[in-house]
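Two complexes follow with chain A in common, the first pairing it with chain B and the second with chain C.
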Partner chain A sequence: MNEIITIASGTWKNVLRMKVVYFLILCALVLVASAINYDVLSMGLQKELMIDVSLVLNSIAAMLVVISLTFEIPKELREGVASTLLSKPLGRFQYLIGKMFGCIVTGAVICALIAVGSFFIFNMSFGERIGVTMFQTHLLVILALIPMSALGVLFAVLLPEVIAPIITVVVVWFAFSTKFLAGIPVLYGGILPDLDLFNFRANAVYQVQIPWMYVLLVTLWGICYAAFALSLASIVFERKDIK
Partner chain B sequence: MEENVIVIEGLSKNYKRWFSSKGTKALDNLTISVPRGSVFGFLGPNGAGKTTTIKILMDLIKPTTGSAFVLGKPSYDVDVKKRIGFLPDSPAFSRQLTAREFLNICAKLLRIPSEQRNETVEEALHTVKMAEHAREKLGSFSRGMLQRIGVAQAILNKPELLILDEPLLGLDPYGRQEFKQIIIDQQKKGTSVFFSSHILSDVEEICDRIAILKKGHLLCTGELDKLLAASGINVVITPGEDKVFKELMTDAEGSVKNPDGGWTLSFPHNNPELLKKIEDMKKESPDALAISASREKLEDFFFRTVENANV
Partner chain C sequence: MKRTPIYVIILVVACVASTILAMKLNTMQHSFCPEKKDLSGSPIAGFHKFASDVKWMRLVNYLGSLNTVDESNVKQVAERLEELMKLDPNLEKIYKDGALIMSIADPDKTIEFLTTACNNQYLKNNWQIPFYAGYVMMHNAKPANYEKAAEFFEMSMKRSGSDTGASYVVSSFFRAKAKDMVQKDKSLKGDEKLALLKVLYGEWENNQKMGAEGSYRNDGANTQNLNDRLIKALKDVKVASEDYKPTSDGKKYADMVISKVFDKAHICSNCTAPYDAGEKYCSSCGTSLPVWGLCKNQACKKPLKNGNAPFCIHCGAKQK
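What follows is the complex of A and B.
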């Protein structure tokens, strides 16, 4: 367990020290705040627009973190960072879990910053308290990081370096709109995760509370999917030659 | 305690390509063993398969056939790595971390108890003379500085066995000198060292055993003294003994004029008639010449071995 935390902390330190991350968070918050100016576009629904924009941007941020993971793992393998780490008493499976944990924590920190920033802007703009639903929906965005980062790890070890991020973007994008994928029964909620389970933008906009039981169950589902994807990844990774 | 710290038996590696059945044969039936306490130089031209062998020892690459044992355990044993120090061929570490943080991560992974960790890290930083750069990010380091950090992470756990892939690469003359001292100190502490290098003069200085590899084949392995001594004899001719000199000169492989006006001639071992002739001359006029076993330079031995090999 200690090994996993060590790898994970190395990962999040590495990402959270990049100044560009905070610049992007700031950009996201500026976009959220600017929703108030779109009174024509939103036909007086600025409040709803702002909630929606904050959720979409937060999901995109989560996706970016996962994509950065699909860049980082092949890079560590290519540059030899991984071989230094794996020459220590550290199993390859532990390395992958550590990377995934690192990604989840990084994503959680970034998404939480965006969520809190959005709440603050919302409160400043409309003088309203933050409803439970808004909190829940942002929490679900963070929880979606669990299956998403496992998927990122899987693609990062399965696919060649340049292709992994592209496939991840495409799959995550489709996975958020499984209506399209529902026609392919094997994929739907099977090999690929059904990320639509974590998407409650409509609830947020219309302030319809989500049962806490659902949040719990969907978290469990995410953990199960992550376990599945990570096992698959480790079967491949155990046999891989590392540069 | 095991006699050999590394045992490699019939090791072969075929790198497969994606869309072709024929791969690159990097290692062919390699068998070597490294006795405990030795400093072992692993030599060979570029592409000989040194890095491949070393990575198989560290279980980073899976062999096609054959097996490798380190410290008596199969190379895929995770726990045995606690007792090994490893320096990869091009050390690269997370750029955003400082030297101290990186070594701390390594120390944690090596399961060094937390109360000893800081002290161990500082000691390693000190050994490689990087203490003053401990707070700088690895991304800002030069090649040689990274190499030093690489050496530091390899000796953190006071390993029983050091496996180093081209540890001298990128080091300045001071760095090379310091590195050799580190190796000698490690050997005194009982650490066995296995390293690849292209700098033959340094290998000759610190190694007691070597192996030479070419295109994945083992050309020779053994004690350095024996390998180099077996190569021929030297004959020192006293100044003024021109008759002896002229007679032997034509058969000599090499001749060097001595400061006193005499000559040193070198002869190969593999010509019994010639050796007989020299012995007879020695009997005839004992004062005219002195015979001694010549110790070939490692560099000459290396070129001769690699060029004569038909692989």
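What follows is the complex of A and C.
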């Protein structure tokens, strides 16, 4: 357990220590705030636009965190950062889990900062309270980090260093459009993820509340899918030669 | 190496559990996000709403560059609106600001878009959209389909309830019904005023049959409303105006309506002005009127106070 926490905290400390991360968060918030200038061009939809833009930027931030993971794992393995742990019997599994948790925590912190910042800007701009659905949709962006991080870990150990980030982006991108496979068990949701299950930006804009039961179950799906991806990653990682 | 079987077991169990959950979630989301299954399937990573925001602003910009929407550009406008509907079907502005802009250039397409909006789950309480659909059907469609227009107005009435701001919806509904009747019933010879009276009387009869319960148009305010409309329609049928000459058929029908609906309301059969107890001639037009509200005492026979007081103010006789 300690090993996992060490790896995880190493990961989030690495990212959250960088000043550029906070600069990017600030940029995102400036973009959110700029939505208010589109009142004429959108014919009075600036409020809806702001809600949506904050969610879009938050999702992109989550994606970037996962991509950074796919750069980091191969680099660490190459530099032999965790070589003592990796030589232990359970070490490799612990390393992967630690990396995944580190990524989730990093993403959660960054996304939460963007969400809270957006809520603040929204409240300042329109003097309105934050709707439950707005909160729920931002929460879902954070929860989507669970399966996304697991995918990042999987591709980082499965694929060569150069193409792992690209494939991760492509898979995450298309994982939002797997709905047409919904009739095929195992393939849908089991092997291929449906990240659109976390995507309710339109609900936030139109304030159609999401049942909390759904939020709970979709979290459960994220955990199950992460377990799937991580066990697949472990099988591959066990067999990998690490210098 | 010996841990591999454990990983395989976890892998299989997790895979089965996630697919079961995902399928459940996929159906579950239809209840609070029904538009999801009809959204555009193009792989845009779930950025449908954002794509719609951008496309909407580009459309506003594009419309600003056009002088008018006519045959030369209506196709492009319709295409852009269709794209928006696939991305963001709940966006009211697509229909209220977007579709209506092409109602003259392409009324059929406009009605098609508005019909989609009428069936939209999120917009199911919006009464303006069916009203616009009926309006376009009545005024822009060629040929006008009054029957369909009346259906849209009826939908609008059901949605607006007894919202007093929507009384023009009710007017439009009856007018569409009347125009439909004129179109179908050749014996009316294009007499829209008589048709309107017939429609209103039909509505009144219906309300009587259904009694107090049932009809959404049958609460107190609306009954009053219907009576006012009937009086106005009666006047229109009976009194000549610049562009209308009363017909004998019309007058006969109006008398029948007066005797059925207003037997206790006492209005002049010629000009529909109300009159009081004991009055023998209409104060507005001089027509002879059936006298009502007189004292029961044969020796007195003077008008009662308000026409229905329990005791006569002239002789003191008890009336009932």
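Throughout what follows, the second predicted complex is superposed on the first by the 227 of 243 C-alpha atoms of A that agree within 3 Å, B and C clash if a C-alpha of one lies under 4 Å from a C-alpha of the other, contacts with A are read in each partner's own complex, and residues count from 1 in each chain.
FYI, a residue touches a chain if its C-beta (ideal position, glycine included) is under 8 Å from a C-beta of that chain, and two chains touch if they have at least 3 such contacts.
Quick caveat: nothing in here was measured; it's all calculated off a predicted structure.
Peer 1: Is A:52 touching anything from chain B or chain C once the two structures are fitted on A? First, second, both or neither.
Peer 2: A:52: touches chain C, not chain B.
Peer 1: Figure out whether A:88 sits in contact with chain B (first) or chain C (second), or with both, or with neither.
Peer 2: In the superposition, A:88 contacts chain B only.
Peer 1: I'd like to know which partner A:37 touches here: chain B for first, chain C for second, both or neither.
Peer 2: neither
Peer 1: Thinking of the overlay built on chain A, is A:2 touched by chain B (first), by chain C (second), by both, or by neither?
Peer 2: The answer is first: A:2 touches chain B but not chain C.
Peer 1: Between chain B and chain C, which makes contact with more of the residues in chain A?
Peer 2: C
Peer 1: Please indicate which partner A:79 is in contact with in the superposed arrangement: first for chain B, second for chain C, both, or neither.
Peer 2: In the superposed model, A:79 contacts chain B only, not chain C.
Peer 1: Taking the superposition on A as described, I'd like to know which of chain B and chain C A:234 touches: first, second, both or neither.
Peer 2: In the superposed model, A:234 contacts chain C only, not chain B.
Peer 1: Have a look at where A:207 lands relative to chain B and chain C in the superposition and call it first, second, both or neither.
Peer 2: Neither partner.
Peer 1: Residue overlap on chain A between the chain B contact set and the chain C contact set?
Peer 2: In chain A, positions 90, 239 sit in both the chain B and chain C interfaces.
Peer 1: Okay, in this complex, where on chain A does chain C touch?
Peer 2: 38, 41-43, 45, 48-49, 52-53, 56, 59, 90, 93, 172-174, 176-177, 179-180, 182, 185-191, 194-197, 199-203, 205-206, 208-211, 214, 217-218, 220-221, 224-225, 227-228, 231-232, 234-235, 238-239
Peer 1: Show me the residue ranges of chain B that touch chain A in the complex, using the header's touch definition.
Peer 2: Going through chain B, the ones touching chain A are 15, 55, 58-62, 78-82, 84, 86, 88-97, 101, 105-106, 108-111, 150, 153.
Peer 1: Please name which positions on chain C make contact with chain A in the complex.
Peer 2: 1, 3-4, 7-8, 10-11, 13-26, 28-29, 31-33, 35-37, 41-50, 53, 56-57, 60-61, 88, 90, 93, 97, 122
Peer 1: Within their complex, state which residues of chain A touch chain B.
Peer 2: Going by the criterion above, the answer is residues 2-3, 6-7, 9-10, 13-14, 17-18, 79-81, 83-91, 239, 241-242.
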